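Shown below is the structure under consideration.
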Amino acid sequence: MTTRIERRQSPRGDDGKWRTALTCIEPNKILVRGYPLDEIMGRLTFGETIYLLLMGEVPSPGISSLMEAMLISFIDHGATPPSTLAARNTATTGAPLRACVAAGVLGFGRYHGGDIESCMHFLDEGLERVHRGETYHEAATALVQKYTDAKEPLPGFGHRFHTRDPRAARLFQMALELEMEGPHIQMIRAVEFVVAQLAAHPPVNIDGAIAAVCGDIGLPPEAADALFIISRVPGITAQAQEEHKRETPMRQIDPKDYLYDGPAQRRVPEKRR
Amino acid sequence: MTTRIERRQSPRGDDGKWRTALTCIEPNKILVRGYPLDEIMGRLTFGETIYLLLMGEVPSPGISSLMEAMLISFIDHGATPPSTLAARNTATTGAPLRACVAAGVLGFGRYHGGDIESCMHFLDEGLERVHRGETYHEAATALVQKYTDAKEPLPGFGHRFHTRDPRAARLFQMALELEMEGPHIQMIRAVEFVVAQLAAHPPVNIDGAIAAVCGDIGLPPEAADALFIISRVPGITAQAQEEHKRETPMRQIDPKDYLYDGPAQRRVPEKRR
Amino acid sequence: MTTRIERRQSPRGDDGKWRTALTCIEPNKILVRGYPLDEIMGRLTFGETIYLLLMGEVPSPGISSLMEAMLISFIDHGATPPSTLAARNTATTGAPLRACVAAGVLGFGRYHGGDIESCMHFLDEGLERVHRGETYHEAATALVQKYTDAKEPLPGFGHRFHTRDPRAARLFQMALELEMEGPHIQMIRAVEFVVAQLAAHPPVNIDGAIAAVCGDIGLPPEAADALFIISRVPGITAQAQEEHKRETPMRQIDPKDYLYDGPAQRRVPEKRR
Amino acid sequence: MTTRIERRQSPRGDDGKWRTALTCIEPNKILVRGYPLDEIMGRLTFGETIYLLLMGEVPSPGISSLMEAMLISFIDHGATPPSTLAARNTATTGAPLRACVAAGVLGFGRYHGGDIESCMHFLDEGLERVHRGETYHEAATALVQKYTDAKEPLPGFGHRFHTRDPRAARLFQMALELEMEGPHIQMIRAVEFVVAQLAAHPPVNIDGAIAAVCGDIGLPPEAADALFIISRVPGITAQAQEEHKRETPMRQIDPKDYLYDGPAQRRVPEKRR
């Protein structure tokens, strides 16, 4: 009989040492996936280096643009997502920034950010039907019917605030312009078309758009999971610091009782490079 | 007598609502510091958007390059910093990725990453001497003497592994090429010159280089604190995922007993934009 | 079609308010499950109050004794469980105590402490067989066969260090003396008997013993989950404080390279009440 | 010149091993501070074992009673302290229990629970005056004057909700009945007397009462810090589980918009042992 004990021995080489393939540290030398970190500085962007760290290679220009856009799309969603409120409630107790960020990251639970992975599986299920000979429209119709019958929400569709998610629209537009559209985007478009016919017609959300783009550029579900955490940390950090700076300690934070008092809408400067 | 109670009332407008100036959320609209998030996507990089979120404005091209380089410089430092080991020890218990990342972030304690802020104050102390009429060399000599007498380590100098920190060297080189050098870099260079005469001559480390660059481009200490957390999260994430994928659960992680088995050293592709 | 939006409305009374049944706070009054907290102080123990908070009622004397013993049984397991190492690696960075404790708690992952719940389901599966007419021995034999065939470890059996877990033995002895043995303990005893005949004969571990006792005293799996977290926090706390007090910052913690230098084995003083 | 590097070498024996004095783990044997864990089970309570783990010895009956009472006094304070809201906001995202507990523990910041330590120093300052020849009343008058002049809140006095903290009153009563009153309690009583003459007359709060009791029974400030974390974890755990069980995911938690619907006030059963 196999017991719990067996699982605890790590696979190792003859030398009995464990292995890491991410970053090599030697005196005066730091290699990330083989590239000297000081050479990466100035040659790649932070977003490209994140891709390199997660996937092992420098991204192509098209993937690089989509990667930056996906990281940006999740960077913040205002003061009231539960993960942000966890960070702000931690900040109001006088806890240091890193404790607030950790509390925020812990709020990336099953119902918050977890939709990307389920949408990737959802799209793959549709694409299997296509591979078996169905058209995209037939596959989409069957998928939507299945979820409607089970009274389950469609992964990647619907949003608390937005009836048309501007981030999803932009990501699809970029994939089109960069000629990076593939079968996953085609699949989610087909589902969107079917959904639009229904009485309730929830829009594609940013989780759905990211799931489709990740599928088409070859990011596996676990990399998408990492992407969500990495991308939201700056927002959590900025929110916790604003709480520290603008509010008095130990306040009761009511998520409905606030106003935005930042700059009015303005245009992003043209790309300068 | 003022009691603890008074501190608990937040300053608010006449409407009794609390305020946030970071991100405006309305149906179908997300403004980060006034810029529509969907317009930012494709126009700015993730690194530039982090700067925007923390500082309120889009960075100039020079600041943008230094910001990306600083974010990259901290992205990972191998499998054995204590914060990374906290993340890996959490991963080996089967905890989900976000729990591992949170445990790692909690390990950015006083002795790990905290040197940037103390080095910023250290450089400011030197610059005050310069403003009072001392030369940079005189100010640096006085500072070094003060720390030597107090048997205190010099903030921003010395490293466990590196006798010459390649990241610090690269950051200074970039600041020079971008013509972004200012008094803080001049100050740390003067200290470096004085230190080089001593028996023990610890090198400028990456914390010191970042402190000097942050000082010269106007990032306050709390933004530098945020920078460190944000920049290391991708590394923590990748390390936790590698632990999940390559190692068996509940193993005992010995930080001295490992080997790097990733790609051999290779050249970063030329910048393609 | 039901979308993700529907799930976001909480069930509430006509007044639109949300509800809590745990603790009532009014000026100068704190009721835990209806009992004034100041009356509980001096009348109940901390362990009994934990039971009250989780289960809603003051425990009977027998349940109270088993509750204290279960809480004690998990209180610490030395310096090297991964959760403890996560706390110590956080402590060595100079992080405050609460950050170290949080990092430790995050290491109560699927493979660490998670066995109680799976063992509760395992015992229930056996008891269902008994209810359908099998003897305990027949049910145990069938269960063991099923796990052996699937090459799965038996939940609640086997331990990294111990071939006979002294905590499990003591808990069973207490349940016997207190006349609190019920069908779950009978079931795990029957499995133990069958397992003892096998070549590998992993012992009942503390997770198994707690699962059986929880089953017999009516603690549901989620309360057992809470029990594990609550009971180990003192150990995590003490370990992090010892790291802060006895070791220098930023050390590399090798889990195999340590010695115990506390008091030699001694006898617990006789119960004084 | 001493650099950061020197601090990184741990003090060790000739064998190069690091040391722990808390818990000895050998095959089939677990000693906590020298006592076999299985002997502790059934002989001590959980509260007494916490004291043993933190302080190294089994508490006397009087200390044991005060220890249990202090642990109970902090066990929960309803649904709306910021640390509890951090745990509930994490729970509403679908995060597992241990993530919610970690987020809650991170909210034990400077302004929440941190008052015990500052009150211990405050009382010690008063006792130094007594040792120099002042009466308790003179020392208390001087201390109150100093804080009033500085417009600083008095550590251990004042509460958001309570004008008379029932937990503090009960703890002082227990110390009296157990004949455990010492100079720290005498000092805080003297301060209370002086404060009562003032226009605003904030009451002694539970932090103040615990600080005084800890001072008199010899618990150092760091043990008091541990005490607060350990005692509130059951409350955080129960609150997170109630959120999981009673509320729908991803809700917006308004800390002012709730009702208590648990049992009405009832009497604690008489002590049965």
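Structure notes:
Lettered A, B, C and D in written order, each chain numbered from 1.
Definition applied: contacts are C-beta pairs under 8 Å (C-beta built on N, C-alpha and C of every residue); 3 or more make two chains touch, one makes a residue touch a chain.
Every value quoted in this text rests on a predicted model; they were computed, and no experiment measured them.
Contact count check for A-C and A-D (C-beta pairs in contact): higher for A-D. In terms of the distance between Cα centroids, chain B is separated most widely from C.
For the pair chain A and chain B, the distance between C-alpha centroids works out to 23 Å. One inter-chain figure worth recording: chain A and chain C are separated by 34 Å, centre to centre, where each centre is the mean of the chain's CA atoms. Distance from the chain A centre to the chain D centre is 40 Å, each centre being the mean of its Cα atoms.
Shared contact sites, meaning residues of chain B that touch two or more other chains, fall at 7-8, 80, 95-96, 98-99, 102-103, 106, 108-109, 111, 160, 249-251, 253-254, 257.
Listing the residues of chain B that touch chain D in their complex gives 1-8, 95-96, 98-99, 102, 106, 111, 115, 144, 147-148, 151-154, 157-160, 195, 198-200, 202. Interface residues of chain C facing chain B in the complex, by the touch rule stated above, are 80, 82-83, 85-87, 89-96, 99-100, 102-103, 106-112, 114, 160, 249-257. Contact residues on chain A toward chain B in their complex (touch as defined above): 7-11, 13, 15-47, 49-50, 53-54, 56, 58, 61, 65, 68-69, 71-73, 75-80, 97-99, 101-103, 105-106, 108-109, 161-167, 169-171, 174, 222, 225-226, 229-231, 233-235, 237-239, 241-242, 244, 246-251, 253-254, 257-273.
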